[in-house]
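Have a look at these structures, which come just after this line.
In what follows, chain A forms one complex with chain B and a second complex with chain C.
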Partner chain A sequence: MIESLPSTKQQPKGPEANNEVTAKVKSFELKKNDKYYAWLFLGPSILLLTVFVFFPMLRTLYLSLFLTDTFGNPTVFIGLKNYTTLLKSASYIASLKATGTYVISVSVFTIIFGLLLAALANQKLRGISFFRNIFTATMGVSVSVSAVFWLFMFNPSLGILNKVVVAFGFHPINWLTTPGWAMTAVIATTVWMHLGFTFLLFFGALQAVPKSLYDAASVSGATSRYQFWHITLPMISPTMFFVAVITLISGFKSFGLIDLMTGGGPTNATNLLVYRVYKDAFMNGNYAQASTEAIILTIIIAIITFVQFKLLAKRVNY
Partner chain B sequence: MGIELKGITKTYDHSEKPVLSEVNAEVQDGELFVIVGPSGCGKSTLLRMVAGIIPISDGILKINGQVMNNVPPKDRNLSMVFQSYALYPFLSVADNVAFGLKARKMAAAEITQRVDDALKMVNLTKYRDRKPRELSGGQRQRVALARAIASDSKICLMDEPLSNLDAQLRVRMRSEIRELQRKLGLTLIYVTHDQTEAMTMADHVMVLHDQHVQQIDSPLGIYNHPANHFVAQFFGTPQINLLTATTSGNGTATQLIIDEYLQVSLDNPIAAGTYTVGIRPNQLGMKQVAANSGNATVINVEALGDQTIIEAVMDNDVEVRIVKDGQVHVELDQRVAVTALGPAFVFDDHEALIAEQGGVENDRIVAVN
Partner chain C sequence: MENSMMKQVAKKKILGNTVKYLLLAILAFIVIFPFALGIWTSFLPSMDIAKGTLWGGGQLTLHNYVTAFTQTKILRYLLNSLVIATLVTAAHLFFCSLGAYAFVFLDFKYRDFLFYVVLGTMMLPFEAEVIPNFATVKMLGLLNHYSVMVIPFLTSAFGIFMLRQTFKQIPRDLKEASDVDGLSHWQFYWKVVMPYSKISLCTLAAYSFLGAWNQYLWPMLTTFSDHLRPVQDGLRQLQSEETFNDWGMVQASAAIVVVPTLIVLYIGQHYFKSGLNEGSVK
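For the complex of A and B:
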């Protein structure tokens, strides 16, 4: 397959790589200088990562073990008490469930629709190249822009969706102020936003399946449905795995859309974990609790990614 | 019964010019039928139409007496081997062979039996659990062969199956395929651009060029009686020499004159005029002569050990190739007298064969045009 999974490690940048090569070639003469060069080249990224990633991470971990004042300074060490309180809180459990629903729906529907569009665009039909371009269009739309125009569409009195609903003889729906519908609306918008990129990945994967495989299969007696399940799906499974991983992770990190569309409401129905961290820290001033939530979220993402790799990697590699 | 092609024509939607026109042929039961031609002549297209992968624009395709034009590929009961092998990279060797059988929902025991037999036949039993990427090119093509064997269909189509292999392996696989075809009694249609494969493997050869069938005959029939320029040039290495000749005198004549030294006497008289004469390189004689005589100058000598290929330029600026057995010592720029020894072919100005001289007996010629 053409796509490779993104490495989780930091890739060496150009200069470092060159330095490595040089070091190997002239390992004897340059041994002393090597150390300085290594630090010189690694320095900037280590500095940036320390200031913006490592330190905040450790600080968050540290804060999650304390009570904090309204400025985010630790006051009393309470160990894991923050964690136990949180995991007993009904509203946090509700957030966990909402996040689960959101993340799973988003990645399932993104895969289904992305694959559907890609399969459609892969057909030899008249004018299909126009649609290929249209399908990728969401890649060029920013979160805020798409949130705004989906807000227009979801608008109870002016939005096009309710006009359709009314035209079919139903009562207009308060999309973003009814708990169940708000979640649906947010999921739909997210799926729509992911669709362009997912389509592109699936389309590329479909195009990369050699035509002769289908020829061979149809001669040897396979129907087109059999070919789809036994050739197409296994051939694009690495791409599917990749899409599953990135949509799941990006689902856990969805923030802008929630902020713009529902603000976590109504009655916390779309108060996803990330959004909750933000609210607790910067609106409620409860830094200790927010830190705890952040740590739990990180652990959840790490576990899920690990499990995904363990479970799926076996089946998708060929 | 075999396979019958009647006026098969292929035209693609976007163009009016057919890529194949009026192909007529009969493939006998149990024979190895080679379709040969330069790239782009439509030979793969023809094979794909027989397989049912692409639709036939016009004409009738019969397999075992039944019209197959609109029968989907899976119901034509044939197997196919591709140049790219077309193996499923995510399946093991055994599963690749079993793919079609599983698709046809055959009983598991029967599948295992057939897969085992097929793998045994191509000597791949110990590789059954490997993935295709862990095999060499030759082994991969064997898996494709095993897949064709396991399908148990009596008709097999092969589309340049050896083109991706190196020269030595190609020679070996050539005889393996031939042996397999005989052993299983397969009716095999084999597409290639390689005239050596056509010559060495075929019972019958179809030469395709320019959207048309040029000739269908046995390999030696084609070599000995090429229907036209193209066929004469396509078969035989080095290429046949094509020279311009005129008859002596008016009316009918039996003597064709190329120049003072190089002349061909015909068995039967032909009308007076100018013709193209084809003489194979090993049927040209060459004598070294003094500087101011002869009819050609040597420009290149290739010594292969068991034979020597001499290139010479005739006084009318036409280059000829002469093959001599053994090792011949000729200097460059040596003047030589080139003469005709054995059989020669006479082509008219439509490039079609109209007369032959000497040598091989005229058994069967199918010329189209």
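For the complex of A and C:
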């Protein structure tokens, strides 16, 4: 056995070495070509990203330092004045606060409900796959379909919610035209929309927790509550973090639902940051201010994404 | 003695299961209710809906669906979205895979720098860049044209990033072997890399399709003609157009829109899951 090893290695040495040399020569020749292939393969993507992502970002930054005319052309350079004006404006601060309330509520409730659904669906019960299918269903529901479903429920005269409210002896509520309720309505709809996706993520994470950990804990007499806090939660914390980040980011970008459900109203109660950009630019024609708002929004989202990358990279490296 | 203890354990288990089923049922009800109500309403006569009689009224009818199909452009909207989403998906598969290939298998100057640049674009929200982008497509004469809803989305930084992760797992030996066999980059890409990465490509396809299908803001800004409208903006149109708020018809349209997506979802579920794992675990 030991003797046969070198001999089998020795025999094909001649041709193999030859192969290696030709391979090296060939791959060297190919390496020279790599540059052209790189242009060919990467060119289209880089071009598109430059035209539709980088250039617009720089242009938006540029516009935010100027006053603009009604066509969006820069007129007078004013430095950071747009920023200071905006950050002093009560209505913008209100928008920032509303956006904060919205994204944090959406994130927290999505995590709580998504985890609850996943934990229940992870039980070994008869007919559990039926429930699993139901829980993923909202993934197929787009923004405008969700808006149609929920607008009907929130409808003051026809909606089911007011029927319930009246049945309990309260006055009907104007869900979408009362500031506090409008925000609640938008949050509820968003959480509902996110549920399917979040459920799937948490369910996957729960299934990936090694069963042996639970078995060992059961043997040493740990209660299921203890197991949840000391095994399940730490094991799924990366997924939880991931869900938090993506719901935060999508919350900051949330446009369609606002447009369909409240139009930023009532009295700007749901006038979130993205919606402001759209309104100021395309309805009020104030491109400089809209650009400034867009830059602030970008900075917020970039920070969250950056933190996500950093933490992802950390996890990959260990 | 032991028997009674086992009975107690069994009793406790039955009780626990009942609680679990109850919770499951309540949650399933909350999740499915907005759906179910919408679909149910779509089968009710308009008169009943207007009176607020949701059950116990007249009979169920397909009238709302007939109205939706004949008096609105819902089919046209669906077709528009289908065409746009298919084109965007195909373009993502092609351009993202080529880009990812370059980052994994090609050796060129500034490779890492360019990769970080691409990665960086994932941080920049498209929603915050609509002002210059609107000016750009206007200048290019693309406003109110199909292509305006496709061209800006032909590639995706996320797609390049995701496929790069996949391509990196292809054994280096395969590349060396193909070099020995004299395969060009193009041949290696087409004959080895693409078939090898089928699952990731399907995942990307599912994501890209849904992403394009759900576009809302950009089409709203850049197209004005009803016959170009994709389905999300079409639904908005139906809702705002109807001065009488014909809820039955609107709900029927929503049902017509949601059914194909649900079908795609259940077929593609497996790929979504694997894609999610790529994103969250790796």
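By definition in this document, the second predicted complex is superposed on the first by the 273 of 318 C-alpha atoms of A that agree within 3 Å, B and C clash if a C-alpha of one lies under 4 Å from a C-alpha of the other, contacts with A are read in each partner's own complex, and residues count from 1 in each chain.
Following the convention adopted for this analysis, a contact is a pair of C-beta atoms (placed from the backbone, for glycine too) under 8 Å apart; a residue touches a chain by one contact, two chains touch by 3 or more.
Quick caveat: nothing in here was measured; it's all calculated off a predicted structure.
In this superposed model built on chain A, chain B and chain C occupy separate space and fit side by side. Once the two complexes are overlaid on the shared chain, A:234 sits against chain B while remaining clear of chain C. Contact with chain B, but none with chain C, is seen for A:222 once the two complexes are overlaid on the shared chain.
Look at A:33: by the touch rule set out above, it reaches chain C but stays clear of chain B. Note on chain A: of its two partners chain C and chain B, the one contacting more of its residues is C.
Touch criterion not met for A:67: it reaches neither chain B nor chain C. In the superposition on chain A, A:94 makes contact with neither chain B nor chain C.
Applying the stated contact rule after C-alpha superposition, one finds that A:212 touches chain B and leaves chain C untouched.
Here the smallest spacing between CA atoms of chain B and those of chain C, following superposition, is 5 Å. Counting contacts as defined above, no chain A residue meets chain B in one complex and chain C in the other. Those residues of chain A that touch chain B in the shared complex are 210, 212-213, 215-223, 226, 230-231, 234-235, 237, 318. Interface residues of chain B, counted against chain A in their complex, comprise 48, 51-53, 72-74, 76, 78-80, 82, 84, 86, 88-91, 99-100, 103-104, 131, 133, 147, 151, 157.
Looking at the complex, you find that chain C touches chain A at residues 17, 20-21, 23-24, 27-28, 31-32, 34-35, 37-38, 41, 49-50, 52, 54, 95-96, 98-99, 101-103, 106-109, 111, 114, 117-119, 121-136, 151-152, 154-155, 157, 160, 176, 179-180, 182, 185-186, 213-214, 216-217, 220-221, 231-233, 235-236, 239, 247, 250-251, 253-254, 257-258, 261-262, 264-266, 269, 272-273, 276-277, 279-282. Per the touch definition, chain A reaches chain C in the complex via residues 19, 22-23, 26-27, 30-31, 33-35, 37-38, 40-42, 44-46, 48-49, 51-57, 59-60, 63, 72, 113, 116-117, 120-121, 123, 125, 128, 131, 133-153, 155, 157-158, 160, 163, 192, 195-196, 200-201, 204-205, 208, 238-239, 242, 249, 252-253, 255-256, 259-260, 274, 277-278, 281-282, 287, 290-291, 294-295, 297-298, 301-302, 305-306, 309, 312, 316.
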